[in-house]
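Consider the two complexes below, in which subunit A is the common component and subunit B and subunit C are the respective partners.
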Partner chain A sequence: MSDHWKLFLRNLSEFWKAFRRNKLGLVGGFLILTALLAAIFAPALTPHSAVDIMRDSNGRALTFASPATHSPLGTDDAGHDIWALLIYGARISLMVGFLAGFISMFVGSSLGIIAGYFGGAVDTLVMRVTDILMVIPDLPLMLVLVATIRQMDLKVSPLSVLILVIGLLYWTSAARLIRSQTLTIKERQFVARARAIGAGHWHIIRKHILPQLMPLIVTNTVLILSTAILIESGLAFLGLGDPTQPSWGTMLNFAFSRSAISNGAWWFYLPPGIAILWVSLGCILLGNVLEEMMNPRLTAHYLEGDKGMIAITDKETGL
Partner chain B sequence: MTPNPILEARELHTYFLVPQSPFEALMRRPHLSVKAVDGVSFALMRGETLAIVGESGCGKTTIARTLIGLEAKTKGEILFDGKEVALRDGQTAIGLKHLRQRAQMIFQDPYESLNPRATIFDIVAEPLVVHGLAKGERERTAAVTTALEDAGLRPAEHYFMRYPYELSGGQRQRVVIASALVLQPELLIADEPVSMLDVSIRAEILNLLRDLRQKRGISVIFITHDLSTVAYFADRIAVMYLGRIVEIGLTREVLRDPQHPYTKALLSVAPAPNPRLRRKRVILQGETPNPINLPSGCRFHPRCPVAFDQCKIKDPQLTVLSETHQAACLLLEK
Partner chain C sequence: MARRDYLIGKMGISLLTLLFVLLLDFLLFRVLPGDPVRAVIGRNIRISADVQSSLRAQFGLDKPIFLDQFVDTLGQWARGNLGVSWSQRRPVSEILISKLWNTLLLIGLGQLFSIIFGVMLGLLAGWKRKTPFDIGALTFSLIAWATPTFWLGIILLVSGSAWFGLPTGGIVSPANIGKPLHTVLPDLIRHLILPTLTFTILYLGEYMLIMRSSILETLSEDYILTARAKGMSNFQVLMRHGLRNAMLPMVTIIALNLGFTVSGAIYIETVFSYDGLGNLVQTALVKQDYPLLQGAFLLLAVSVIAANMLADFLYTYLDPRVKAN
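Right after this comes the complex of A and B.
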């Protein structure tokens, strides 16, 4: 129905109006967007690929060439172009981060809704599993898991293992948050009304609980993306990335293990570090602003317009 | 009009268990319960309006919620159209889902009973979706339009794509009524439908409900604490105190000639249209007793102005005063 389309556009434009007012959110969005665009259009941004070896006029490999000799960001120990590594690495880092983030948010939200909505034994079971996962230190557990799964020779790509391990271990905080929110929504009168109409559980969860949770889920997905990207970098730095598909973490690992620091090759280790900071800062800024917008308790009063207090106006008559 | 009741409650009890700590369970302390509804029986005829009145905490809302199955009854029977209300349909039973198609509830708070993220169209169409009725787009739009216009929101298309926050309290309550009407129910359970609204809007909503009742022949259970709306609206009144009906009868009988001391006290403090006609007010002392530990004997005796010794011992049953009028007081049993 075209009415629904119009309504969607109206909601979108209202959201944009509110979002535009917050400069930090715009900065966050810009940071994420540039990283995404760089990853998507990587081939257009550099003539080299991540495996090409730069050579000088004599045909010798350019190793540890500074940005001054080889623009824009110099080369690494084997003569790879750092800029090419960086933007092709963005593909890996962002893909792992986003997929792992989405998986963990999906698992966390589903379990949280189920636990909160049905309560009782289901709730106890889910929450005890959550507690157990929360008290095990994440990083050692992930190291052990990734290493063990690699050993098993399951014919899955190392990146998928990384994605699944991060995604399936990082849902605990989301599950708790969503559960607590579900508990309060479940008690609201429109849910009782839906039950009194004769609606089943699935209908109530889909039509009444989920729409109220959506802002929370979106916000936390954005926030959890930064965590997932940081974790991926950490694991890759520790050598658990895929060496044939280097991410930013893998670049740092190479820089560290191939003595870029003692060679003074700052152009080798600074760019991936800044890139990680760039994206996770973007996620956190955007996430915080979204959280502020979606949580009415954190915002200014709705009567406060751009210029302080404004009068209550009717949207149609303008009175 | 058929003589059989559309809805009948027989010795209905709804208790809420007070949560117990593991220590208390270990000590085998008796499990306490809040006796919200404690033995209520009544019958509602087709096309009739029964008002259930009483002060806060007397169990009126719990009755409504139990009747529609939102709370589980502890004891007793609910019969809808001669069939017992059960989880599933059967030969002599009517399933909850089926009941919820033929009986609808209107909640007290129109600000809370509409999903803030759903459009008015979706809210009113929801019962149709849930029960798999009016599947076609055109059919559904027609049903929603009729319901909204019957509830006094005209032109209906104007409201389709709006959100609840864009409407006033009175408009929201009309949306609630429209969504209750869309299934063409036989019974409407209205839990204080006007208590959250401005006085100026109350009359409008009450008129609307009364017109709909006359037009469609819907039976209504009208729950309220406000005696002034009752006279206007109800055929019969049931007065509740602490989970029990203490007096029930035709509106005229109960309001003109109240027999139970509690009803008398309630009526004496209801605002009168003419302030010069001063009546003697009976102000009840003390507060409603705790529904966990009910008083012995007559549950009203600690606050009753005319209580005597026997009241502390004997629990009065409903005494038949006339064909339509009953009250539960020891003074009437003699």
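Right after this comes the complex of A and C.
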């Protein structure tokens, strides 16, 4: 067990050495980390809560106050502090995005492994379902699902509905990717050997296939997080968020529907959008860098002269 | 022979998807509390139980949900009868058709511009890899990818109207509403600029990224080396062997993207109050107009499925390899 740990730590430190050299990856990590920290330490970052109403000296609500009148980011149409809304909104946006992303990755990976490893009818079934889900336009489908589920009087909070609908619809591309990777790993010698000495399916999947798939799964989780966060913001903007727990998308919905634009209240509609961009860009940068580190093929081509192609051969042969 | 099998397989999937959409659309709106009869009579509780049950019989609601009601509904849908909108008190199909062309216009223009510019820029970026141009193009597309559609729309709406005096909403000015669109063309174009621009910026980035990686894959194929060895110039190789092969995955991506395009239309039309299907879906959602939502979902899903099938047919003509095996 301690050997496993040593190996893991060594791999991790080697990974960090390679990763450290890539500026974009560092930027991505920084963007995600700052957003997470802001969400966790929200109460320490603002004296106000998301429901406090700011008032002037006469006790009237400060509505649409600019950042110059009320620092740091002004107030909204009802007098709420935008900065407080923003960092408490981070909790909602990140929670919905991360949970939905993890669900979709979990479902996608499990189905991909099962389909790839067992093949046959299970494989056909999973692949047909992904074929079907991939063709149906996703936003209309989600709108219809969320709208009808809300109407059904189930005892589920609006945010859980959102998390489940996003999580259970976005696993298709992950399932395909993991499946095709499982198919190639399954054919390797070490799997055949494990089977020859009598290892069961579960043992092979857990000990031989899953560790090989882990890099791919991690990379795709990071990438899918950005999708989940963007989708959440979109659904919330269209009015499907929880108004009592405003995420960044809900803030934009409020800003748009409560005439922040005609009031010139840029401090109301700019910050939530920048926050969404911040996190999703972070995930995309980090995800792409991880992907690049694991797929060296795209590093050079034939119209670049000889240097590039030699670099590829180096990586492939390890010479 | 192989091509026929491939197409039959693809058509099978399309039919399966269609069936799934029909079933889902039927079931989702059937499990909602209240039935169509309740919707018709509204809050008029004085209608006796007898009349109510005869109304139910008239609507076929006394029959079992499967298969009778489902088949009945399918028959109605096939005849273009999608029910009556609760909020507008007009047949849903009539409303949908009146908005369809506006949306097709917006999506068509947006796709056209983003494909043209995306392919061109992606090709250049892949060819001139790691130059400032490539890095700039990559940065742009990453940011476009990470930007929420509706937020970009809001930003462009604010800046476009403040700096260039462009209209902020609608498809024509209030004075021109109701006139045939071709008679108010300059006004229509002014209204289309910002939504189309939003569309183009968003999808341009994605097409560029895909084209770039596709051309990178293609350029590391051995036939590119062969073409170089024959003495063709880099540019010739790029255009004759690179572009044509790299375009193939684009066809599939464009088709697969159609669903994604529909999402774009919903956001963009909402932001610009553009009088199309996307805006209609959003309004139906807010007003809880379920027949309208049901009809709009049906129309959007069926169009995307049909377009995908069309793309599969097209693909077999474009890629001789599919024809061969």
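Note that in this section the second predicted complex is superposed on the first by the 290 of 319 C-alpha atoms of A that agree within 3 Å, B and C clash if a C-alpha of one lies under 4 Å from a C-alpha of the other, contacts with A are read in each partner's own complex, and residues count from 1 in each chain.
In the analysis below, a residue touches a chain if its C-beta (ideal position, glycine included) is under 8 Å from a C-beta of that chain, and two chains touch if they have at least 3 such contacts.
The shown structure was predicted, so the numbers you read here are calculated from the model rather than taken from an experiment.
With the C-alpha superposition on subunit A as described, subunit C and subunit B fit side by side in the combined arrangement.
Among subunit B and subunit C, the chain that touches a larger number of residues in subunit A is C.
Once chain A of one complex is fitted onto chain A of the other, the partner contacts of A:144 are limited to subunit C, with no touch recorded for subunit B. In the superposition on chain A, no contact is made by A:201 with either subunit B or subunit C.
By the document's definition of touching, of the two partners only subunit C reaches A:152; subunit B does not.
Of the two partner chains placed by superposition, only subunit C is touched by A:269; subunit B is not.
Of the two partner chains placed by the overlay, only subunit B lies in contact with A:188; subunit C stays clear of it. Of the two partner chains placed by superposition, only subunit B is touched by A:212; subunit C is not. When the two structures are aligned on the shared chain, A:3 is found in touch with subunit B, with no touch to subunit C. Of the two partner chains, subunit C is the only one that A:226 touches; subunit B does not reach it. Of the two partner chains placed by the overlay, only subunit C lies in contact with A:135; subunit B stays clear of it. For the overlaid pair of complexes, the smallest distance between C-alpha atoms of subunit B and those of subunit C rounds to 8 Å.
Subunit A residues in contact with subunit B (one complex) as well as with subunit C (other complex) do not exist.
Contact residues on subunit B toward subunit A in their complex (touch as defined above): 65, 68-70, 96-97, 100-101, 104-105, 107, 109, 112-119, 122, 126-127, 129-131, 137, 160-161, 166, 176, 179.
Only residues 128, 131-132, 134-141, 143-145, 147-148, 151-153, 226, 230, 233-234, 237-240, 249, 252, 255-256, 261, 266, 269-270, 272-273, 276-277, 280-281, 283-285, 288, 297-298, 300-304, 309, 312 of subunit A touch subunit C when the two sit together in their complex. Across the complex, subunit C meets subunit A through its residues 13-14, 16-17, 20-21, 25, 28-29, 31-33, 126-127, 129, 142-143, 145-151, 154-155, 157-158, 168, 213, 216-217, 219-221, 224-225, 228, 234, 237-238, 242, 256, 258-260, 262-263, 266-267, 270-271, 281-282, 285-286, 288, 290, 293-294, 296-297, 300-301, 304-305, 308. Interface of subunit A with subunit B (complex): residues 1, 3-4, 6-7, 188-190, 192-200, 203, 207-208, 211-212, 214, 315.
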